Structure formats: structure tokens, C-alpha cells
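Two complexes are shown next, each including chain A; its partner changes from chain B in the first to chain C in the second.
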Partner chain A sequence: MKKWVALFLAVSACLSLFANGKSDAPASSAGGVTSVDFYVWSDGNDEYSRFFDSFNEQGLNVKINPKYIVPADYGSKLTTLLAGGISMDAYMQKSQTDMFPQYYNGYIEPLNDLMASHNYDYNQVKSWDASISIDGKVVALPHRGGKYYTYYNAKAFEAKGVPTPTELVQKGEWTWDKYVEISQLMSDNDEKTFGSCLYTWGSCSVYPAAQEGMNFINADGSIDVDNSLLKSFQIRKTLEDGLDSPRLVDLKVTKTHYSQVFYTGMAPMLLIGEWFPGTVQNGFSKDLIKGYTLEDFRITRLPCDSADYNSIGAPTFGHVHAKSKKKDAAFEVLAWMASPAGALVEAKMGFLPPMVDDKVMEVLSTNVPDKTSLEYFTEDVPVKPFFYTKYGSKVEQIISQYVEKYLLGEISDSELIPAFKAEMQTIVDTTN
Partner chain B sequence: MTSRIKISNILSNIIILITSFVVLVPIFIIVTAAFKNEVDIFERPAALFTENSGLFNFQQLEMFPRYIWNSIKVTFFCTVIQLGTASTGAYAFSKLKWKGRDTIFLLYLMSMMIPIQVIIIPQFMIIRSFGLYDTHLALIMVASFTVFGTFLIKQFFMTIPDSLLESARLDGAHEWLIYWKIVMPLAKTVLATVLIFSFRWFWNEFFSALIYLTSPELKTLPLGMTDFVTEYMVYYGPQMAAAMISIIPVMILFISLQRFFIQGITASGIKG
Partner chain C sequence: MNTKSLEKTPWPTVLSFLLPGFTGFVLFVFLPMLSTFLISFTNYSGGPNWKIVGIDNYLTIAKDKHFLQSMVVTFKFVVIGVSLQIIMGLLFALILNRNFFGQTFFRSLFFMPNVLSSVGISLAFSLIFHPTKGIANQMLEFVGLPDSPWLTDPSTALLTIIMVVLWMSFGYYMIIFLGGLQSINPSLYEAADIDGANGVQKFFRVTLPMLSPTMFFALTMCIINSFKVFDQVFMMTGGTDGGGPAGSTNVVVYDIYQNSFRNFRFGYASAESLILLLIILIITVIQFNNQKKWVTYDI
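The block that comes next holds the complex of A and B.
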């Protein structure tokens, strides 16, 4: 009897090894509906799954077949899938500057012809042209805008009697020095409640430099690094040394997401991108936010040292895969996402769409109830993208390495700029 | 006992204590965190249990019986196939004389130095061309050979006297018979060692599973643990509960085979 059971288990296990090997199947359509394999970072129960569901619920003749990849490992898996020639129709770009090497390696389909054949009105998203074009070709369509803001919990500021960032913006005093000062005032200096949070991404350590237009490496390969890099690192170090901001290394080791820092009241102020109101909505819906309500959630400009304010950032977008056999269908999905209809869905989830009209404003007001915050959230200001060249991805890696070295005291103020410039030159010399 | 020996013993014990502490603290954290909520996990000083402790993290593991079965299946086939390929390879490299044998073995050994990240893309292209993307068979195929295991078993086979094999050959036994009836029974200890190494490796293997699997129902245990890593939150409690479960099979295997394991390590001359 035991032998038969063992044999049965062995045979069933052997047979099941061959199961589910259909993901790389060629283009197919059933009942006139074309299925588009769309890769995205998602756990299958978040804003992207809802976004895809909204598209599929329309009952069009194109359906999204979502391919969810664990957010933390999206980059490495996507790179392998693209290089390995997997059958894919479209994918979302998590790290915007990665679009340059992906385009030059032939993974991204230019959209100009598709836009023309589908009569897509590019004027809707033309303001983002610099962020979605390479060498005059449109290579992506955005479904979210791209701007960084100061987010804060007004209740915490009220409790401490500290002037809010919005008040300081209105007085024209919301500079980077003031940001440090306010963070210090808001901190309990007990390593539990900090004044503000700068996240772990390399880009988050160079906000002032990026805002001043420092490009690190220009598109022509010339190096563009100046003392604003040092100033950016000094801001972070001052805050960390004074226990006014969570340590970068602690956030990394404990994998603490910036949203957790804000949700839990660990820091009442956060400098991050335009998607954060959507994140907060998600936090409220999942009961992750304690001690304050949506009414206390405020948005205003980033700190800025210049009289002419500008924000930083790039939109979030998707691409049509160059080897897709269903490019038209994949484009239809992207075009919907970058249309007023897609914008409304994004706005309902609390995200800033790439285009803002009255309907979008009306929907956004439910997620951003404070009127002043909504005005700042949707105001039309110049936006500078971070290190937006083919060198960008490598630049961000070097920033991450150097900010850690600097915070750990392994590199001095006087050594930083020359060493960093040398690294930039190495990138230029080793990038095709 | 001289004072010199006493000091040496005290020092040894201190080193053992420190090493045990370093090894056991993470296990302590895993076990206690598995019963705590997300807030209590990071409370310092760490308590064994808190007033909120419970089984709630384990209740979130509803998909894990499937992941465990997937892991058992993949690990079983990988381990068995590796034992077969490693032992036959080791036999060919140690007991058969053929031109270029040592050079090929050297090249084979050198392949151990190539990181998986370097070979993953060509390997992926092969798997994709076989139509095996998103199947367990993909994981098994890429794991069919073990350089380290072959090296380990070869070292052991070299200790078996050639005269034993010569006698069998004179009696008319062919190589498969000698391999199966004479050499393999003598190699139980080293085979148990390779089995444990392979089992432990595949039980914890994450990267290949991440690359080759997409369907949720095919996830293995390490990949399944990413269910609790969302874009915005890492849920450590259920991850620790899953980690605790994942340790159990490896421990059972190690404890049941540790006699062979220690003999195998000694016999093959591998230290550490």
C-alpha cells in the first residue's frame, strides 16, 4: 500500500512539473478580445490592480492581462525578462531614467506612428514631452504627473505651535535652511518622533541640487556637479546628526517605507512625489493611519532657495514593448491611461494625473479636502526632472553610495566634490 | 590541569558562547516576532512575548500549504537529480581514465566562480525557447548539476581503492554495475552531505524562482514570503511566521542525517 501511495505522489508531482507553462504563449485573441500582457510592480491588491480593473471593466475589445511583479524586485526581474526576450506587450517604468538604456537597447517601441494611426491627441500630455521623449521620439505615455511636494500633518504642527510649511510658503520663507529649522522644532529628539523624513532613494538626498538645475552629467557627457551637491548632503547629515530625521541606514535596514514613517507619526513632514495623496488614501482605507484624519493632511511646495519656484520630478509612465505582437492593442491601453478617462480613475485613487481639468479637480478635492493644499497640488509650476539622461540610472547609484559614505563620515566636505566628479567621469567613459 | 590549558578552555568556551549568541539571536528574533504584531516587533528591549502575542501571523499564511508543497516538490527533484549527476560525474572524473579529464574537471570547477546574475540572461533565453518559463521544470532544469557536489563526491571516490574496482572489472562487471553496486553503497555518507547541502540550497533558493516563476500558484516558499512585501509596507510578522515554518523541514533533515553528514564532511576532507 505504502509503495502505491509513494508511486501516486511521485507521478502526480512529476506531472505537475509541466503545469502552467503558458505565460510565454504567442499573441492570442478570444472572442474578438485582444489580451495585452502588461508588466507592473504590484502585489495584486493596490492602485495598479485597481487601475487595470477599471480599464477591463469597460468591456472594450482590448483587455489587460496583468503580470504583477513583487515591487522590491521589479527592476531585476524586468531587466531579465527584457534581455531574455520574453513575450510582453507593455510595461510600467519604475525608474524613469532606465528608459534611456532600454530604448537604446531596442526594448521600447517609439509611439509616434501609433499615435498618428490611433488619432491620439498628444497635446493632452505635451507638457511632459521632455520627460517622455528621446531623440525626438515619444517613447512613453504618462498616467501620472511628476512633481515633488512637502506633505505634512497639520495636527502635529498645531500641537507644537510651529509655523506650517504652507504659512512659510505664503510668506516666501520656505527655504532649505528653514526646512532644517522647522524639522528641528518638530522633532522630539528621542529617535521615535522626528521632524521630517528624507527617503532612502539617491534622488531624495539631492533635492536642493536638482532644484537648482544641477544635472550631474549633461546629455552631451559634460560633468555638471557643483557645491549644491555638498549642500544637499549637509542638510541630510545635519538632520540625522540632530535626530531630526530618521537615519537613512535605519530606514534601509528595517525596510521602512516613507509612508509608514508618515502614517505612524514617526515624522510629521515628508518630501516626496505627487503619488503620495494616493498612498495616503490607501493608508486610510486599510486603516494604517492612526491619530489623525484626512482633514489634517496638507500639501505645499518644496522648500526652495530661489525666488522663482520650481519643483522636481518626472511623470510615471508605461511603454509599448518593441517586440510585442499586439502593439496596437498595447497602445490603446496606454492611450486610455493617458487620457481624461484614465486621469479621472487616477484622480479617484488620489494620484495627480498628467492632465488636470475641472472634473479631475472635483475628484481630487475629495482626496485633498484642504483647498489651499489642492491649489498647491495642482498649480502649474516649472518642473525639473532628476538627472534625466542616459547616464541617469548610474548617477543615482553613485549618489546612493556617496550619501552613505558622507553620512558615515567616510568622506569629508573637501573630498566630496572631486571624488564625485571622478565617478561621473567614469560613468561617461564607460557608457555607450 | 595546567593553568595554560585552563585559560585555553575558558577562551574556547567564551568563543563558543559568543558564536552561539550570534547564531541564536536571529532565530530568537524570528520565533518571537512570528507571534507579535508589527509594532511590538520593533519594541526595544525585545520581549519574548507581549500582551498582544498570538497566532494571527500564522493565520495569514493561507497560501503557504501550496507554497510548501511547491518547495518540497522542486527541492525533491532538484536534490535527487543533483545526486545522480554529481555522483556519476564524480565517478567519471575519479575512476575512469580518459583524455582531458583533469582539464575538463578544472574548467567545471571554474564555472563555480561565475555568479548566477551573469548567466541568468542566456539561461533564461534557453528556458524560454523550451517553453518552460513559468513552470517548476524550469527551476529543476537549471539546477540539475552541482559543481560543488561533484567535487565533494569526487574527493570521496578518490579514497576508494582502485584495486576494488579492478577486481570487479576482472569478474566482468561493467562500469554502471560497479558504480551502482560497489561505489555508491560505500558513499552513503558523502551522498548524505550533498543531499543536505542541495536540500538547504533549493529550499531557500529565491533568485531563480523570482526570475522563472510568475503565476502565484507556482510560488515556492522563499518567493511566497514576498507576499508580505508590498510597495508601501513590509509585514514582518507573517514573514517571520513563514520563516519559522520554512526552517522546520531543514532541521528535521539535518537532525535525521547529521551522523552521515559529519562522517561525509570528514571523509571528503572538507573543513568548516
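The block that comes next holds the complex of A and C.
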């Protein structure tokens, strides 16, 4: 009997290993066309599917085989797929700071050699170098720019007779204090119509701090936290307490998207990233926006306390998977996305491409008809990325926790900075 | 097949029937458990650059205030959640054990939430508990009571989730208790009647003791399931945006999720999982050891 039991265990172990094994199938190509497995967050009928379709419609010898993952699950599923060693050629980065742990874990292919062998003109996107390089190596190519703006509905401002953010920018008065003041003037204080909206992401609660260059944790592990963090939290608390902005916890628990807040007129002013004109275009095309037109949609700078304006943000980009067997083909896709041809497609969809030329401006003007808005949307200003180090994802998580504590009165002004610094130190101590 | 033919069945045949199930067990239970155990002693973050760190992860956990806070939240959830699920399950089992018109319908009705998707239910309850448009607050308003913040306040968020889990799960325990109630020998009630016992006395002296094996099973399962709660917390209080509000619903499994999939700390998260396993194991062992004092199997 013993030998049968031993055989049984051996067979079950072999079956388990067989089921656990991975396929090392060679790169597939049919009729000279190489298919690239490209992972992205999408429902299969949005800007990314259109972007991919545009690439495939060119009839090149490389085709994108889209692998769509629903946006809400993308982060955790991508982590699982990468750690599980799935066969993948390229993927989009949804949370930019995740590129650091992914790169150090060997998932991302450095692109320097591929750029050289494909004669890619890096100067096209070199202005984003700090956001797409790690340790001197280019690890991504951007298909969108990365800047935050003030978006507002001019019709709502006109109705209330309140000066618009654009007017205040032009007078040099669009500061964070003024932002609070204008939000208060625009609010109906009835918990239905607010003055402005700051979204639920941790980054959205620290705009002023990020704009002032606070890095939370520097690349060398030193802590960089000062009172601008407190100021950022205070701005949000003032607005929430005065019913001038939707409460963070309400937005989070009710899963209310910032676009919904803007579409419905719940808040006529929103501070968010460069993709929002594309979102608005989508809103108009799906008839989700009522009561105002595209002509009422305006864009201007973020509030800023410094005389030298700078925006915040990082571009949206894709990576070549380090274990891909079709790196050249995957790179060709990324290179097209980060080229003038890709930029035109992005612009058509209302997004800010990583490079802006006359053709792009012409296309963008159909989505941003207001000339002044278009000028602010495409102006060349310095951009500071949010907590852009290998600690970034963890920092954002702590910001999310602490801003909630602060807004709910569970932590005082005097306790905030020391407690936050201690959290940052813990992150440094526990990050590989 | 009778016992004799079973005894005559050759071992290869028996083992070949066991093989598919055993392979599944090895693949989906044993190997993941083993790898979790091994990874917990490393700083594995998903890539090839990892090293063995001994018990460092466990030492860090002992000092990690987020983990300790999540443990407090989990224990609150278990104590309140288990008590309510067992009491409600028993109460409804007692009611539905009586013969009345529609008895089967109501049994099915109360059990039904248990077979529904927890994600779908969580989404539905997110709408019900919407702070301004939710039907829960509209009902409170209708009866003249003030609005409740439900999921948006640290003092009520966990209780709200417990209510949802209670709604989902008590039907399962109700069915278990119904099975237990129906297996109680009626002669015991007849004897109690002859002795002049009233309803309350019969419940405490006959029903509860006779139900104790079922109660023991239900309690064990309920405690284990409550320690593993995740879906409702994830779906109803913020998902990948960090749980909340202010960490008030961050249970241990949620902390494990955050550390694995947001922080790339697979080694650390594995150590947290093992600590959770150990806690569940200790509680279950204590329950098993103490069952002799209150569980009756002899009638």
C-alpha cells in the first residue's frame, strides 16, 4: 500500500507543478504582423480603446492586442500579473509612482538601447525626463502631458457675478486664499451646490504643498515635510466645514466621481489634471452634461501663492515589460504614442499630449474653444511632480489617512506635522 | 456499495479517485500556505531582488500601529458581529421552526442574501446609506428621527458594515440552527411538559443544551468568517482610496491587501496573514478545549 500512496503523492505533486508551470511560447507573428499584448485600464469603449484602434488602423507590421482591465481593479490586478510573471509586452502606468517599485523589481525594461536602435528622437519628450527616468535610465514614454489646472463653468460664475479664476490669474490674484474665498462665494451652502471640488485622492489634498515643492520623502530617504502640509489640509477643512466643497468622505463612500460633480453642476470649479477636457468631451458626447455648453467650459492655472507660477503633476506613460519577447514591437507602439502622430490622436480626444505643435493646437481648439483657456492649457510652465520617489505610493496612502483624520477632527494642528513626520520615517525604515 | 466491496476495492482505484481533489488541495491550499509561510521571512516585493530577513517582519508588525489599530477594529467587528449574527440566527430559527403559512417562503427569504454576491450587496447598501439621497436617511426622516452619517463617520461606519454583514449572514446561521432544532428529540419537551416546565424553562433547559453542538459549529464558523471580513469593507468605505473614514473600518485583511497590492510588501503582508491565521487558530483551539464544559453530545 505504501508504494501506492507514495506514487499517489508523487503524481499529485507533478500535476500541481504542471498546473503551476508557465508557457515559454515564442513570439507570435501572423503574416509578418507582430501582436503586442498591451495592458491598460479601460472598459473597452473609451479613450484607450480608441487610441489603440487608431494605432491598429494604420496597418503597420505591429498590432496592439489590447488587454483591458476595469479601471477600479487595474492597480491590484497589474501587481498580481507582474508578480505572477505573466506574459506581457507592454503596459500603461495608472499610478505613476508605482513605476519605482516595478522598476526595482525588474518588471520595466530601460528604453535607452531601444531608443537608439529605433532612432527615436528623445528630444520630443525630453521636457518630461524627470518624470520618466530612474537612476539616469529612461523607463517610460509619455502619451499625455502632466499638469493640473483650474477648470470651471463660466456660466455659473456669470450667474453669480463672481470674478472668474481666469480674471484673477490675469490680475495676479489667483492665490490659495482667493481660491477659498471664491469657492465660498460660489457655494449655495445647501450641501447641493458647492463652490469647488477637491477630489478624494491623497494628492488632491496637498496641492499647495506639492506646488511649493514639498517632496514628503526625498529620493535619499530624508524627510521633507513642513507647514505647507498643514496649510493644504486647512484649506480643505475650511471649505468642507463651510459647505463650500463636497466632503471627502462623502465623495469616497458614495463613489462620486469628480466628473459627475462637475457635469451636474454640483461644483462649478474643479482642480484636476490635464485629462479633464477629454473627460468633458466624453460627457458632452454622451449627453451627461446639462445646463451649459462646451463654450462655458474654461481652463486656467491652479491657484498659486508664489510670483513664479508652477503647476503640478506627472505625464501619463507606458512601459515595455522587461520579460517581453517582443520588446522591439512593444517599443514601436510606445514610440508612436509619444510622437507627433500619437499626439494628434490624443489631442483629438481632448487630452493634453506630451508635445504641443501647431497641428495639435488646431485640433485641441475644437475641444477647448475658448482661446484664453487653450493658451493656459498649453502654456509652457514648470511642473512639479507629486512625491515622486520610490516611497510615493506609500506616502499617498498616509496622506489619505491623515487628511481624513484631520478633517474629522481626530488630529489637531499641533499634532499633525510631528505625527506625519513619524509616519514618513516609518516608510523610509520599512522600504527596501 | 457495501462495506465489504469497499474493503475489496484496490488501493490504486481509491487513490485515483482521490487524486483530483488532492491535487486541487495541494495546488490551491497547501502550496499557497507554504509559500505564504516562507515569504513571511523575506522582504519579497514581487521581483527577483529579495532576501531573507528572518523574523524582522514579525518584529515590525509588533510595533506597527496601523496593524495594531486594524487588529482592534477586527476584534470589535468579531465581538459585535458574531454576537448579533448568532442571536439573530437563533431567534429567526426559533420563529421559523413553528408551523405557519408561508414558513418555507420566509426561510428562503432570510437565507437568500447569503447566496448573493457580497460585492453587489455592498454596492446596493452604499446607495441605501448614501448620506443625502439614501433611503435609510429618508426613512429616519419620515419617522421624525435625525439623519445618521452611516458610512461617513468613524463612530458609525463600522457598525453600519456590521449591519450589512448581519443582514447577509444571519440567514445562514438560521438554517444551521433550524437543522439543530429539528433534530432535538420531541420526547425531551414532552418530559419537560410533564415536569411542568414553562416556555422559558424549556428553552434554557432543553433547547439550548440540545442545540449546543450546532451552536458550537455556528460560533466557530462565524468567528472564522468574521476575522476574514474584507469585501464589504473594501466596497463600502473607499476601496483602493485607503478605507476609512480615518481608518475606522480598516480590518486586518484590508491592511494585508493594502500592504500587498499598494505597498508591494508581500513579505510583510504574508507575515500579517500568518499572525491572523495564528489568532484564528488559537481562538478555535480554545473553543474546542472549552466545548466539554457546555456542549452536550450525549442525548
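Here, the second predicted complex is superposed on the first by the 406 of 432 C-alpha atoms of A that agree within 3 Å, B and C clash if a C-alpha of one lies under 4 Å from a C-alpha of the other, contacts with A are read in each partner's own complex, and residues count from 1 in each chain.
One rule holds for everything that comes next: contacts are C-beta pairs under 8 Å (C-beta built on N, C-alpha and C of every residue); 3 or more make two chains touch, one makes a residue touch a chain.
Keep in mind the model is a prediction, meaning the values are calculated, not measured.
By the touch criterion stated above, A:N282 is placed in contact with chain B alone, chain C being left untouched. Judged by the touch definition given at the top, the superposed model places A:Q397 against chain C, while chain B stays out of reach. When the two complexes are overlaid on their common chain A, residue A:P71 makes contact with chain B while staying clear of chain C.
Residue contacts after overlaying the shared chain place A:N105 against chain C, while chain B stays out of touching range. Applying the stated contact rule after C-alpha superposition, one finds that A:H257 touches chain B and leaves chain C untouched. Shared-chain residue A:S42: touches chain B; no touch with chain C. Applying the stated contact rule after C-alpha superposition, one finds that A:N218 touches neither chain B nor chain C. In the superposition on chain A, contact of A:T293 is made with neither chain B nor chain C. By the touch criterion stated above, A:N61 is placed in contact with neither chain B nor chain C.
With the contact threshold set out at the top, residues 13, 16, 19-20, 72, 76, 80, 83, 254-255 of chain A are in contact with chain B in one structure and with chain C in the other. Contacts from chain B toward chain A in the complex involve residues 42, 73, 76-77, 120-121, 124-125, 128, 131-138, 140, 210-211, 214-218, 226-227, 229-234. Residues 13, 16-24, 41-44, 46, 67, 69-73, 76-77, 80-81, 83-86, 254-257, 259-260, 279, 282-283, 288 of chain A touch chain B in their complex. Taken together, the chain A residues at the contact with chain C in this complex read 1, 4-5, 7-8, 11-13, 15-16, 19-20, 72, 75-76, 79-80, 82-83, 101, 104-107, 191-192, 200-202, 247, 249-250, 252-255, 393-394, 397, 400-401, 404-405, 408, 410, 426, 430, 432.
Those residues of chain C that touch chain A in the complex are listed here as 11-12, 15, 18-19, 22-23, 26-27, 31, 43, 45-50, 60, 64, 126, 129-132, 151-154, 236-242, 244-247, 257-258, 260-266, 268.
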